[in-house]
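For reference, the structure discussed in these notes is given below.
Order of writing sets the labels: A, B, C, D and E. Residues in every chain begin at 1.
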Amino acid sequence: MFYREAGQFKTSYEADGQIFPILQDRIALLMLMAAAIVVVPLAASPYVLSAILIPFLIFSLAALGLNILTGYAGQLSLGTAAFMAVGAFASYNFILRIPGLPVLLAFVLGGLSAALVGIAFGLPSLRIRGFYLAAATLATQFFVVWCLTKIPYLTNYSASGVITAQPIVILGYAFDSPGRKYLLVLGVVALMALLAKNMIRSNVGRSWMAVRDMDVAAEVIGFRLMRTKLLAFAVSSFYCGVAGALYAYAYLGTVEPEAYNLDLSFRILFMIIIGGVGSVLGSFLGAAFIVLLPVLLNVIAHSLALPTNVASNLELMVFGALIIFFLIVEPHGLARLWQIGKEKLRLWPFPH
Amino acid sequence: QPAEQYVALPSYRVGPYAAGGSGFYGGIIDYFNLVNLSGGVNGVKISWEECETEYNPSRGVECYERLKTRNGGATLVEPLSTGVAYGILDRLAVDKIPMTMIGYGRSDAANGKVFPYVFPLITSYWNQAAAMIKYLGDKEGGMDKLKGKKIVHLYHDSAFGKEPLPVLEALAKQYGFELIKIPVTPPGSEQQSQWLQIRQARPDHVILWGWGSMNAVAIKTAQRNGFPREKILGVWWAGSEEDTVPTGDAAKGYSAMTFNTPGNYPVLDEIRKKLYDAGKGNLADASRVGSVYHMRGVSAAVLWVEAMRTAQEKYGKGKRVSGEQLRWGLENLNVDEARQKAIGAFGMLPVVKTSCDDHEGSGAVKVQQWDGKKWNAVTPNWIVGDKALTRKLLEESSAAYAAEKKITPACLK
Amino acid sequence: MRMNEPEAHFGTVRRPAGPVILDLKNISLSFGGVKALTDISFDVRQHEIRAIIGPNGAGKSSMLNVINGVYRPQQGQIVYRGEVRKNMDVHAAAKSGIARTFQNIALFKGMTVLDNIMTGRNLKMKSNFLLQALYWGPARREEIAHRIKAEQIIDFLEIQAIRKTPVGRLPYGLQKRVELGRALAAEPEILLLDEPMAGMNVEEKQDMCRFILDVNDQFGTTIVLIEHDMGVVMDISDRVVVLDYGKKIGDGTPDQVRGNQDVINAYLGKGCA
Amino acid sequence: MNLNFFFEVLIGGLLSGVMYALVAIGFVLIYKASGVFNFAQGAMVYFAALTCVGVMEKFGVSLWIAVPVTVAVMIALGAAVERVVLRPLVNQPEIALFMATIGLAFFLEGLAQLMWGAQVRKLELPIEDVPSQYLMDHYNILVSQFDIMAAAVCGLLVITLALLFSKTKVGRALRAVADDHQAAQAVGIPLKRIWAVLWAVAGLVALVAGMLWGARNGVQFALTFVALKALPVLILGGFTSMPGAIVGGLIIGASEKLAEVYIGPMVGGGIEGWFPYVLALLFLLVRPEGLFGEKIIRRI
Amino acid sequence: MSYLSVNNVEVIYDHVILVLKGVSLQVPQGKIVALLGANGAGKSTTLKTISTLLRGERGDVTKGEVQFKGERIDQLTPNELVKRGLSQVMEGRHCFSHLTIEENLLTGAYTRNDSRAELKASLEKVYHYFPRLKERRASQAGYTSGGEQQMCAIGRALMARPSMILLDEPSMGIAPQIVEEIFGIVKDLNSKENVSFLLAEQNTSIALRYADFGYILENGRVVMEGAADELSCNEDVKEFYLGVSAAGRKSFRDMKFYRRRKRWLA
């Protein structure tokens, strides 16, 4: 009823090219942003802020990065955590070694370092495809973590190879409480999501999708495969790198390279598959799902007063079963489910 | 209703380290139940809540954040995971919740001036490493006999495995033995090349600094390559039934460090009788009571309960103490032999006496050997390594941390 | 492009065929043991509609693949706009104005019709990806300018109603039309069409013919066309090459070809002759 | 250089490679016949081994009874996977199926631990994992007799499965399914039955792998990680080739051991984690579908 | 009673896209029935509904039923249908690209439990129909030309020795001579082996030439049905599907004026 585009005519291509062409969506998004900036920091408990929302946003950013590479450019990757690690450790070193370097700039530099590594490890993608590439990207994962444990310089010669993120101070303002960290992360993520959306709706995004859908045809109409794929690797790794830096600076604080292990790569992959491959919204939905579901299951299991080991195992089983369930219901992820829901709403009250 | 003393337990009972996690947290909960059965700590019951971390730092942080505000606020936390411990390290001082790291984590956290809320109780990796060399020296018939000997450090290639390197290197220089470092990539389910290298090097001793599945594989691979297990000395995380049982006979003769003396104690009997016989034990398999991990859990709980008792003496008997107050309790712990006897755990763990300077409280360890069925202590007395050396390293390292974090070292009251 | 100009010269003049723009000389191509093309020569004149016909597996698609560089012939020469090469390079071909459609539709399935057509304009887009990420200034202006061009093509092909539909969901015939749109978006000099009318009914073929002829008339685009529907080939093409088993067995105007006995034997069969 | 030592490293590596191949075979089986990249293979290895030991422990029966029971369980598991996971996902994108197997992996890990507990168990096979005295005495080369047996078992498995795949009707049908689910259905290949049987066979391969790995390293959660060791083997040998799994295993096993022993010490060691992947990657650059994999057909 | 009957079937894709709006049609035994209609009319969907391959495309049959030899078949699997003698040649070829042409053909005989010799005979028959396939028998199907793949798909369906074949656009991408041959084969099988056919086809003239009966589908509805010769005489059909108007066949060159297809609205 209320969700109709009827009557909303676009008088210019500019208006039609908007990110949210439907007015109701734009209003909803504005309200959501307003709530996220104003209401949430006031209303949410430190637990929700620092243990749910901050990781949710950081993982969304990483998932977005992976989605650019896997979802849009079609290059399956299992090395996400490695790029995150590069971002984190590079930021740490930049701040450490360049006195007075603004933190945000350090994050950008961290992201750029990750992008460089991304380009290097993206080179094989010019020849290798599909699951072969996925398995090959594991090389990144293991190699980067190995380097971080083997090169003491990178961890400032700390005996155990652990780094401690410096405090975040921007223009003399310390982001030390959960609320402040949340706002910082929110800002970074929102900005980068916007940039991603812009890229996707312009020529770069189309070049990625073209290469994903049919690389030979993409080449025939003039896209350069190498440039396109490597750019996807670079941009994706940049996003992951910034996410990795935030993961260290705004979330964990003290980290060892092992925190960026294969497990993390997989978790991010789950996010995009559950959320929706090739969808910005899906990155967020997927991150929410993977962050929240275990918490929810844990809470439920505890309220059932099951013995803990039974509860933990059941949690794992239900988690696995739910992944399968969602894939069966909609192999294209939550974002697609959301879209179908919207289409139904548009037709409502008629079924078709 | 009297307020309860609430402890947060971000535990793990699934995943790769589930075997250790379930034993350790099972021991803790068994002892808590036992204390509660006899009325709690001066009448204050202990309550706790678990949260599954799967040994994953990010889930661990979430668990900590969730658990810390429950039941009127957590007064203690123990994640038994280096990654999770690091993830919450910075938050502890703000939340005023003490964390113990029993037998793991940063060794320099023993400096209470820099890490007021962190307690690597009983012993740290550095002291363990020092004790290992001391033991090996004694075995050779004196520290001077170590000269020219070859010792392999076969380690889990992670922060954990690299932690003792400064100590081992310093000692190698001091006593003139050759230290050969051989890393094993986690999880370490294939070690053929490492053991071939070891066989080739013909070392006098092998220190097995392993964790999780790496240990059993190491022992089995040693057997496969015909390397005598008697020459292998594991760390305490390589010295539980979980590490030896799956190897069958291969582990016979293998020894490992421990901070518990294997054996039976009245407190364990009580747990069996009052809990397991009544069907209230935490572990599904009653035969695991008294196993290494379980006993470690009981020891942790014993120390915590003693800390609660100590804190109550200062802040009011029969009252729940806050996290801050419990921190004081942990910092002024004195679990001497008399106290251990009263608890029914005499000799189960070393005497622990903490202070602001020394959040570790002991540093003493024992060596145990696997006879194919069970662990037996091979050193009747507690061993203490070169504490002067570890102290020096500790001061340097914690000072660096303080500088990096802009902390002014000071004792809290 | 002047696609939205009045229909003034519809059905009136046809541009006369110009000079030879593409000349293929002695092309041979084989895959392992399979000889797809053997010593084939033919030329294409500017503005003409050149058809390639032949039985299945004759090497028609391979020929197109040679022209735009997807396949590299083992022997022969390609002279395009006076430049002599051994083989084309895919990207160079696209840059120098060769666009094409494929036999088994090669659209970007996950993208909408509009996006698919916009990809056709990629070579004309100049702003770098940072500007595009900001969606600001020149990038934004450029995007909108190209959008206008794309919309003209959409109008021309009469697919306005589906511009926001993902192409994967479209019926076959419309997909073919979108693919033509994508090729047109590049404003090509030569358009290679591989069975653009397969799987269409008469009416749709009529539409398609209309589009092809209009493109040819209005923009003078040279068209190389593979098609099995003899009615179409005979009606709209200027000259026809006939291939069989990788060899050229006929070349000439539709009428000449229709009368060629070899062609009848190999391809047309008695039904159509 | 000590030649004898070199050969020991080489042989040890080759034999470890065989152990990797054992896991890789399970992957190939499923990938080749359904196009599904089965991430749950590691979990299946763990599940099978744990079930086997669990049955022995709980019911106090011998290995000879536990194994048939486990075989039955794995067959039932195959049928269940087909019914619950695969059937509703016929004709879906590869990545969805891949993800579903990850879900399956979680489920199996949880189920295994729920049923049998998380403790580490030992599994004793009738053959001991000690150096073969015969080879020691006669050739002064150290090789475990257990490894020799494992190699024999693995070889046997590969030969059987490779024969199945080569020219039989079922083998052809399996390859058809991998190419195009829908067309396979259209020609009357019973996807349901084929998948159920296939997963059951993969389950049995997992059981063999689980028993050998379990006897070697103890039956524990870490068995799920052996899949990581199998991956480079797979990409090197090709996802679709049984012989590829063996050859890939041998190459990876030998080269990673040699690299660790001879290059490792120069760069701080521990390169075994990534070296096989980098090696496989270099191979891929030359042959993008692995040594023996089917060529990826890209034609327009 | 008809051999195959589709009764009032409604199909929805992806839960929201309604494609068939109550389609009914019958195929009597031993007859050839043509299903005609523009692009997107729902021909392929109808065929996939019958062969139950729809499920794999996230399509649901929400109403109606399909009967084959007097039995409801909508709940059966495609494999059971093939066993009962109903085969489909899918639109868009769908050959197994990594298998050789010969292996492709042999998979078609999967449901048969016949001897080697019999299989060989069937194979020869297919090669007889499509000599081109014989030449390319050892090539991987993925590398063969479009038309060769189409022949392979048809030949593969024949290998099952079905009693009813659903043919989806058999003439697409096929050289005219072979098109005639394919329809010749259809007629041949139909008259000699009593195989029934339901064929969806864009090439209306040839389809009506060989079929006994025809249905015209537009927008998911049957808008016209009748005997083939009746249909080919119908003025509308002539104009819109055969491209001949009262004035005779128009050249494709003259189709330059804006015109819209007249729609039948049921």
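Observations on the structure shown:
Note that a residue touches a chain if its C-beta (ideal position, glycine included) is under 8 Å from a C-beta of that chain, and two chains touch if they have at least 3 such contacts.
Every value quoted in this text rests on a predicted model; they were computed, and no experiment measured them.
Chain nearest the geometric middle of the protein is A, using mean C-alpha positions. Farthest from subunit C in terms of Cα centroid separation is B. Centroid distances from subunit E, each centroid being the mean of CA atoms, peak for B.
Look at where the CA atoms of subunit B average out and do the same for subunit D: the two points lie 36 Å apart.
With centres taken as mean Cα positions, subunit E sits 46 Å from subunit A.
The distance from the centre of subunit B to the centre of subunit C, with each centre set as the mean of the Cα atoms, comes to 73 Å. Shown for subunit C are the residues that touch two or more other chains, namely 70, 102-104, 106.
Among all residues of subunit A, those that touch two or more other chains are 142, 146, 149, 214, 216-217, 220, 309, 313, 315-316. Shared interface positions of subunit E, defined as residues touching 2 or more other chains, are 17, 143. Of all residues in subunit D, those touching subunit A in their complex are 31, 37, 84-85, 88-89, 92-96, 98-100, 102-111, 113-114, 117-118, 228, 231-232, 234-235, 239, 267-268, 270-271, 273-274, 277-278, 280-281, 284-285, 288-290, 293, 296, 298, 300.
Across the complex, subunit A meets subunit C through its residues 12-14, 17, 195-196, 198-199, 201-204, 206-207, 209-210, 212-214, 216-224, 231, 235, 278.
Those residues of subunit A that touch subunit B in the shared complex are 45-47, 50-52, 55, 142, 146, 149, 159-162, 164, 166-167, 247, 251-259, 263-264, 291, 294-295, 298, 302, 307-309, 311-313, 315-316. Of all residues in subunit B, those touching subunit A in their complex are 11-14, 18, 22, 25, 49-52, 56-59, 61-66, 68-69, 82-83, 86-87, 89-91, 106, 157-160, 162-163, 165-166, 185-186, 282, 284, 397, 401, 404-406.
Remark: subunit E residues 12, 14-18 touch subunit A in the complex.
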